[in-house]
Structure formats: structure tokens, C-alpha cells
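In this document, chain identifiers A, B, C and D correspond to the written order of the chains, with residue numbering beginning at 1 in each.
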Amino acid sequence: MLKSLTQHRLSGLALLAIIILLVPAFLNNPFQYDMATLVLIYATTVVGLNLLVGYAGQISLGHAGFFGMGAYFSAVMTSRFDWSPVPTLILGAALVGLVAYIVGRPILRLKGYYLGMATLAMGFIIYITLNNEGWLTGGPDGMPVPGLSIFGWELSTFNTYSFLGMEISGSLAWYWLMGVMLILGVWIAQNLIDSPIGRALRSVHGSEVAASVVGVDTPKFKNLVFVVSAIYASLMGSLYAHFQGFITPESAGFMESIIFVTMVVLGGMGSTLGVIFGAALLTLLPQLLADFHDYEMMMFGLILMLTMIFMPKGLLPTTQAFIRKKLHKKAEDKA
Amino acid sequence: MSKKLLRRGGLLAATLAAGIFSGAQAADPIKIGSFLSVTGPASFLGDPELKTLRMYVDKINEEGGVLGRPLELVHYDDEGNASNARNYASRLVRADRVDIIVGGSTTGATMAAVPLIEQSRTPFISLAGAVVITDPVKPWVFKTPQSDRLAAERVMQDMQERGITKIGLISGTGGFGRSGREQTQQVAEAMGIQILEDVTYSPSDTDMTAQLTRIRNNQDIEAVFNFGFGQSPAIVTRNFAQLGIDRPFYQSHGVASNSFLDLAGSAAEGLRLPASPILVPDSLADDDPQKTIVQAYVDAYEARWNESVSTFGGYAYDGLMLAVAAIEEAGSTDREAVRQALENIQGHVGVTGIFNMSPNDHNGLAADSFRILEVVDGGWKLIE
Amino acid sequence: MSALIEVKGLDKAFGGVHAIEGLSFSVEAGQIYSVIGPNGAGKTTLFNLITGLYTPTAGEIKLNGENIVNIPPNKLAERGMCRTFQQMQICMNMTALENVMLGRHLQLKSNFLTTLLRLPSLLKDEADCRDHAIELMKFVGCGDYIETEASAMSYGALKRLEIARALAAEPKVVLLDEPAAGLNSVETAELEELLKKIAAQGITVVLVEHDMKMVMGISDHILVINYGRKLAEGTPEEIRNNPDVIAAYLGG
Amino acid sequence: MFSEFLQYLFTGITIGATYALIALGFTLIYNASHVINFAQGEFLMIGGMATVSLIGLGFPLPVAMVGAILLAALMGIALQRFAIAPAKQADPVTLIIITIGAAIFIRGIAQLVWGRGYHSMPNFSGDVPVRIGGAVVNTQTFWVVGIAAVLVAGLVFFFTKTMIGKAILATSMNKVAARLVGIKTDMVLMLAFLLSAVLGSIAGIIVAPITFTSYDIGIMLGLKGFVAAALGGLGSGMGAIVGGLTLGIVEAMTAGYISSDYKDAAAFGVIILVLFFMPRGLMGARVVERV
């Protein structure tokens, strides 16, 4: 009974939903909601990236480029042309998906580090463009972004809303909104993984030759997952922009791309729940270390290094394997 | 191993409890919040700023605090990253519940925090330069450095006095350089100065010879103006000297520190820049109202930190002093009262200049707060 | 009736070295056709050329009378050609069953939308695919490994798994690259039976093999290559008595 | 106009030679272990910063340089022993993250020890530039290009004429076979990191008079070195040199003739274009995949 429950494909999703529901009980000021919301935004982004890196085994060192494109599309269109935020972010995601499709075809032929290099270059070009075209993007100092209004409601973390007779704060509303987005993102990712498409993607990682000889059009699938992960990034970039109220080209920068990949690898490549932990850890760690001031950078590097050395498969997979081994041993001891 | 991990986890949790979960406490001390770029590409701004804040918060507390209450400095390092700045601003206003914020080393960091700070209705004194921070005026946002627009005006005023009408502009592609370039273009047009070459360099570039060659080869250019900060202007200065460009050379206030002179060496000889009098306390006339205050700051800073002062630390000094003055004037830390007090500060003598705030001017400095300095014999000389 | 696979004047050079040179032969439908030759004779290169992994320097390859040079492997799979590898290409990040289900990739009708929303049609399709794959695993003798991670399987089992995956694509022809390598005599005997059963289903089998006993026992036709050239061709009986072959194998 | 071109060319060669040295460091480690060491830039930083601080303590330049190189060498060994070796079985991406963690850690320590300011180092031989065909060349350029050339020659000699060099090459080609013929592959890996660190620190020292040095100079220079290595073809020594010089010259020419705004974008555009036609870089081995 318990076994069948834990093995159900959506058990992870259920667990995640429970965690998202419970977290607010431990949060006691709007700043903590702020951080929790950011965690959810980054988590959804890397759930998408994980499809590319963790499942299809294709590295991207420029994914923040897509995140930034989504963010800036929303920022520019809603602030300068008064577009409505929700249709804008959807259109933005479609456009970014198209860009990813066009860029993906040539560069996804590359393998390993060369693909890393090409995606890095792509990300840099996006970053440089955002930085240089100040007339549109505000340049390196960034630009303000209007709040997210849904059906005429302006969702601000400083407002309070009444919803079905309950008073909820704007911070909480943002948290719930992004919680729903993460659940949705995980559900779609999980559907994709548990399907022939997902199998084809994983086979590209496992053995590209094997995949191709049984008829998998590997370039097509690589490009597909590239586009899907770019759309995740773009949507989250747009929401991030509205949430933060201000963006700079750094959100499309190389360091941000590296952080995204690190979230995936740290949490556990190919583990959807794992990368969410990775996102949470990397988002909260700087806040936790902030009080160490001068030692912050050193400690951050050390934690990153040690975690990867001792948990090379990532936080969650390594922990899972550890628990499984323990359980196994217990069972053996009993026998 | 697992035990060790657990213990480490416990430590982390403890930090978490201490750090994030330390909600509002009895508001006995006056909380001064700050986020600065202490590390990262703008660390040459944030580092002296933080040192100044620490030093003077200690000093004020030793002398009995403000309104009889001690000051408490709550500081975070945004690493020059705007979204970090925004998150720390959120932490300052929402978790730490600070009474006033003095910080924001760069324009990007400042502007990223502004929407949130405005909504939270917390008085905020920025230490960054670009004109967009206070123009248009935002009710809760003030700043202490002169705007880059003032710098451009002051430089071009000096050029006009020397009869220069055609210049070459070189600027960094970072926030400071970009904004400065824009202001320079506008001011130049207004003052009838032509920009014949307009080249840029990225803040991480290690050689600007190619860009400067373009300027050198344009014979009509009478002077060169560089708008940038960090180490790059020192590289520009060296490349400028190597190329033997024998024309007047101006830098912006972004390099107004002695460490610039150390980096640029003899190549800096003869260049001019607009700066606060902080670099030349001795040259100030005895009746100059800023003389004593500048001298005191310079002496205190150099004695405490064993390094030479920069203009940037001075911004933080002015920010803190303005905050203190406003709180004393308001007689409480009531935010609206403090805001109004800030807005009405008149004749406040700082190290950067004399501040005359108004509801329409949240910077309060005039162009003459910039002095033109020239590098002579490896030191700064005040040009009257 | 024309040949299923027809190779004419095939040539492949790697930086001036000819791995395959002027090779011509044809495989009739329904045969068990074996390619043998000493190590380094170019057998695997030949397979890689036929299955579209390498592009020939010269010559042509026809499948069912159509030229298939420059057609990528996945398109060849659509035309009914599938293969296994000497250095096994198993997706170690999946279970055994998933590896075989992957083989049915082309038989699936799912599209992107049904996948994203996980519509009932997809589930039905997947269930069928699963049943079929399980059946195939039992057919090749991997019935005990259905939920096992591929990375936890023995060498011999993986060899059979790879064959199951190739069969899952419902090919007209399978190319098996040294399926018996590394197997013990019992396993080899089982494999021999399996190959016969596959051929009995009307699937053409092309084999690269070192195990002479097995090759001689099951092949309809044998091609011997050496240094990338054809040395001999014929029935097992003819090959056994060919003096050139004997010389080559005895290191003459 | 020719003098203009010449000026850009010299500028490009100066930067390019630096990139080439960093790229060579990447190549050495990549060949020995297939790891892309994102902490490569930190060797540069250590070289420059340690030299400056030793000069500050009153040591003469040559002594300071040797001290800095030794420090970097130690760090190279430590990096391999304590960060890379324990994670031997890890995925390449995991190893990348480990080196990134190491880079941040090293930078964090450097920042504590040396502070956050920029430091200058005097030119090795005077500040008076040399004029060649109308172009002005900083004397340090000759040092950079000269030392780079000597190092490259030394590396060629090392890999073709010495036992240890050949052992490293053998290990890079086939680890198992190398072990079978009695090569201690662990030692070889350590040696590769050591050499790479030495190379990096020398690069850091010779460019410091041009670029200045600070605790975070390694980030961008390391990245450019990686770009150069990939442009030339990972694992190819010649490629590293060609890639470095190409990158430097493209940057200088773009800044001079087209737009300084898009100088870096042009460099990144070039690499995408090159990889499009040559998926393994300019000089990368045309490896046929074995299946």
C-alpha cells in the first residue's frame, strides 16, 4: 500500500504540494514570503532547464538569456506600450520559444563543452544587447517594471486583498500564485518525462546513437526540449520582472546562467524534486550567509565545492540513495 | 559523516533562525539599514562606504547616540548585483524594519530597490550618482553624490573656459559610464560642444588602445573626456599617455580617489576632473565652510583604516549625517516626519558639498560643489 | 526479386586509410547473412556505413532498391532497418523495459499536446507499447529483468536486451554486430536459437560475428572481408573450403 | 591608415597572447582529465596579486615572481588533490561546478587577505613606449609576447622530448593503457594541474602591468581563456594559441573599425560561427565517433 503510493508517478508532486501548503505556517514576515516566492520562481525555471540538462543531457550555459528576454519583453511592452501583463508574458514566451527554435537548430548539433560554449556565447550576446540598447532597455542601470495586474487586480506585495471573504496580503498572494505555477510546471514536466517524448529525450542522454537507430529524430527532440526549457525560462523571467518591479541586464547575464545550471546540478540532475531543492538552497544561501559579511564569498564557494564533492549526484538523489541503502540494510538485519 | 552533515545542517538552521527569523524587536535602537556593493565590480565604492558607516555609527554611539538612542547599523553586501540589492532592501524594510536606509552604491542597485522602498514608505538616502535617482523626484528617495549631469556640466564649463569646442568621448559600458555618456551628450548639445568621436569600453576590458586610436587619429578633437569608474579609467589614462595623445584630458568624478593616482602613475599627470574637496583638504581656503568638516573626516578615516580616503566614502558620511540631522529635526523616527525633515534640510555642510534640499530637489547640491582638480606632480591640485 | 540490401563499389577512407575499399554484395530478403573477417577487417565500419552513421567516400547502398546514402539513421529506422552494436549502446539511465519501449518509438502515435496534458489516448498507446515490449523481452529471454535498471544488468542480458530493442522497431532487417561476443557457450547456444526464431518471423538478419561455429551453423550466406575488401562469398560450405579464407584466418 | 591597422593589430596580439596562455592552461588540464577548470582565472589572479603583495613586502621583482608562481603551483596541486580527485567519478558538469566553487572560494580568501582594491605593477622595462610603423607599442607587450612564445616552446619541448611530458600525453590519450605501461596517472593529473597553475600565474604576472590586478580579475580573463580554448579546439595546444590570438585580434579590430559597444558580442558571434562550420573548433581533432 505504502509502496504503491510512494511509487506513483505523481507522489513527488503531491509531496511538493504539501510542502508548498505548509511553508507559510513557518513564515512570519513579508520578507520571508518574498524569498519563498523567489525560490518558487527560480524553482520553476530550473524544472524547465532540468528537462534539457538533466534529462536530455544537453548543457546550456546561457539559459539566463531566455529568462532575461522574457523579463525584458514584459518590462518593455507593459511599461512603454501599456500592454496588459498576462497576454504579454504569454506572447513573450512564444517569441522566446521561436528564438530558441531558430538558435537551437544549428547549435544543438554541438556536443558537450562546445555546446556549453555556444550557449554561453548566445547568452552573452543577449546580455550585451540588453546592456547596449539603453533607449529601449534602460541600459545597465535597468528599468522599472509595472506590477502584475490580473483582470484589473494589481498584484502588489504591499497591498491586501479580500478573496472569498478572506483577507490575504499581497505577499501571500504572490506566493500562492507562484506556488500554483510551480505545481503546474512540475506537472507538465512530469507528463513530458513519463511519455514517449520523455523516453526519447532520456535516450538522447543515454546513447544518442541508440536513439537514432531506433528512429528517434534526435535533432528534433533536442530542439524541442530546448524550446520547452526556454519557454519555462521566459515565463518565469516575465513573472520575475513583475514581482521584482525592476530589472537589469544582469538577470540575463553569464553569472545568472551559471547559477541556474548550479541549481540543477546541486539539486540533482534528472530529479525534478531535487532541482527544486537546489533552487531553494542557492536562493536562500546568500541570505543565510549575509551575516558573515567578509567571509560570505569564501563560505559560499566552500559549501558549493564540498556539496558537489561529497554528493556528486546532487542533494536529493544522493540522500535518496543513502536512505535506500540504510533501509536495505535494516531489512537485511531483520532477515 | 552523516552526523557531521547533520551538525552542519543544524548550524545552518541556527543561522537561519538568527538571520531571517529575527523579526521585529523592541525599537530601542535607531536602525540604520544599508545595502552596499562591498564586493564585486563596484567594491571600490562599497568598501569605503561601509567603512565610513561603521566608523561613524560607532563614533555617534560613543557620543551618546541620537535622541538618546543608540544607532544600529544593519548592513548587507549586494555584490554590485541589482537583484541582490532589491532582495536586501526587502529584508531591510520587511524583516529588519529599519528606520531609514543609507546605501545603494551603484545606480543599478539603487534603482532596483526604489520601487520596493517607495511602496514601503521608508526614507532612503542613495549613495549613487545617476540623475535618474532623483529626477523625477520620488518622495522617499534622496541622494548625496552630485548627479552625473552636474559632473558633465562642470567639466564642459571648464572646457569652455579653455576654449575647447570639439571633444572625443570615451565611456564605460557599465551603468555609471552609460548614464554619464547620455548626460554628456545632452549637456554638450546644450553648451554647443561637439562630440566628434564617441567610443566605449566594457568594464572588464584590459586594453583601450584601439578605442583611443580612433580618437587620436581625429585631428579635430581638442580634448578627450572619459566617463567611467573602477580600474578602467586608469587603463584609459595609461593608454592615453602611451599613445602620446597630446591634448587636454578629463576624467569624471568616478575616479576621484588616491588609488586612481596609484594605478595610473605618471600617466595621469595634467589630467583634470570634477571632484569634491575631500581630495584636497589642505588647498581649501581657511574660510571655506567645508574645510573643518572635510579635514576632520579625512583625518578620522585615514587614522582608523590606514588607507587614503576617496570621494565615495564621503558620500556615505554625508548620507549618514543627513539621516541623523533629519531624525534629530523630526524628533523621532516617524517616517513621514523624517522624510519631511530631509526634504527641508538647508545649508547642511557635508564633505561632498553644501546640501539645500527641497521638495523639488532631493539631491540639494549645486554644480559649484564640484571643484576642478588637476593632477600635478602626482598629487591633486585645486584649480580656482 | 531484387535484393533487400545492395552495396556497390563501397569505399570509406579515414584520412587516406581505406577502411572499406570497392566492396559490393547484396543481401536477399529472409536470409541470415553473416559478415566475417579478421580483426580490423572493416566489419563494424561496414555496418556503420549501411546504417547511416558514416557517410561513404564513394559507392552506393540501396535498401529495397532505393539509395540510402546520406540518409540519417532515424530515417533508415522508418524504412525498416535496425541494428545492435559491438560496443553496446544501452541507455544506462533507464530501466530495461524502457530501453525496449524506446525501440517502439516509431510505432507510437502520441503528439506534443496529448503528452503535455496526458490525455487518455496517450495512456492507451503507452500501455500497448509496454505490453508489446514485455512480450519481446520474454521472447529474447530477458523476462526476469523487466523493472531492472539497465545499469544493473549482466553483460549477456544486455546483449539480448539490445536485440529486443531492435526488434521492437518491427524492422524488416536487423543488423547485429557481434551478438555472441563475450557470451559463454550456453548463452551462445541460446542466442543461436533466438536468431533462428527471428529469421523464422521473416526478418532478415545481417550478422557480424567471430564465433565460427555459430556462423557456420545458422548462416544462409557468408561474406568474408579482409583489409576492407571482399575476400570470398558463398554458402557456409563454400567458405569452409575456400583456400583464401583459410589462409587469412591462419595468418597466412 | 596602415598605422591605425598596425595599432589595432598590436593591441589584439597583446590581449591575444594573454588569452592564449590562459587557454593553454585550460588545454593542459582538459587533456589530462577532460575537466574544464573554471578556476583557471584564479591562477592568474594569484600570480598577479601575490607578486604585488610580495613586492609590497620589500622583495625584489624576480623573487616576488618566483614566490607567486610557487604559491599558484601549490594551489594547483591542492585543487587537484582535494577538489578534483575525490570526485573522480562525477559527471563533467558536476566537475565544472566544483571548479566554479573552488574559484569562488579562492577569490573569497584572496579578498580577505589582499583586500578588494586594484593594484598596479611597474612595467618590467620602463614606461616609454616604442614606435613601430606609426603604431605605439607598450614595452610590456614585448614581454608578454616574448614570454608567451618561450613558454609555448618550452611546452612543445616538454611534451615531445621529456619522459614526463610524454607520459602526460599518453595518459590523455588512453588512461588505462598508460597505467598498464607503468605510468602513475594520478601523478600525471597532479602534474597537469601544477603546470597549468604555473602557466596561469605567469600569465597573471606578465599582464599585471598592463591590466592591473585585483582579487576578481580572474573571472573575465578566465572566461575569455575558455572561449579561446574552445575557439581553437579543446585539447589542442596549437588551437589554444590560434584561438587566443584570433579572439584578441577580433576584439581589437571590432573596437577599432566597427563598434566598441559590440566588441565582445562580435567575439562571441565569431565563436558561434566557427563552431557552426567546425564543431570542434579551428584546430580540434576531427574525431570520428566510435560505436
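Convention: contacts are C-beta pairs under 8 Å (C-beta built on N, C-alpha and C of every residue); 3 or more make two chains touch, one makes a residue touch a chain.
Here the structure is a predicted model, which is why all the values come from computation and not from measurement.
Shared contact partners of chain B and chain D, listed by label: A. The interface holding more C-beta pairs in contact, when A-C is weighed against A-D, is A-D.
Each chain gets a centre from its C-alpha atoms; the one nearest the centre of all protein C-alpha atoms is A.
Ranking all chains by how far their C-alpha centres lie from the centre of chain D, first place goes to C. Centres computed as Cα averages put chain A at a distance of 41 Å from chain C. We define each chain's centre as the mean of its Cα atoms; on that basis chain C and chain D are separated by 46 Å. The centroid of the Cα atoms in chain A and the matching centroid in chain D are 33 Å apart.
Centre to centre, using the average C-alpha position, chain A and chain B are separated by 35 Å. Looking at chain D, one finds that residues 111, 261, 264, 289, 291 touch two or more other chains.
Shared interface positions of chain A, i.e. residues touching 2 or more other chains, are given as 132, 209, 296-297, 310. Within chain C, the positions touching two or more other chains are listed as 53, 85, 89. Per the touch definition, chain C reaches chain A in the complex via residues 51, 53, 72-74, 76-78, 82-83, 85, 89-94, 98, 101-103, 105-106, 108, 110, 112, 115-118, 122, 125-126, 129, 165-166, 168-169.
The touching residues of chain A, counted against chain D in their complex, run 53, 59, 106-107, 109-114, 116-118, 120-122, 124-125, 128-129, 132, 209, 254, 258, 261-262, 265-266, 269, 294-310, 312-313. Only residues 36, 83, 86-87, 89-94, 97-98, 100-109, 111-112, 223, 226-227, 230, 234, 261-262, 264-265, 268-269, 271-272, 275-276, 279-281, 289, 291 of chain D touch chain A when the two sit together in their complex.
Touching chain C in their complex are the following residues of chain A: 188, 191-192, 194-200, 202-203, 205-207, 209-218, 224, 270.
Against chain A, in their complex, chain B makes its touches with residues 1-2, 12, 15-16, 18-21, 23-24, 38-39, 75-77, 81-84, 86-88, 90-91, 93-95, 106-108, 111-116, 119-120, 130, 132, 173-175, 178-179, 182.
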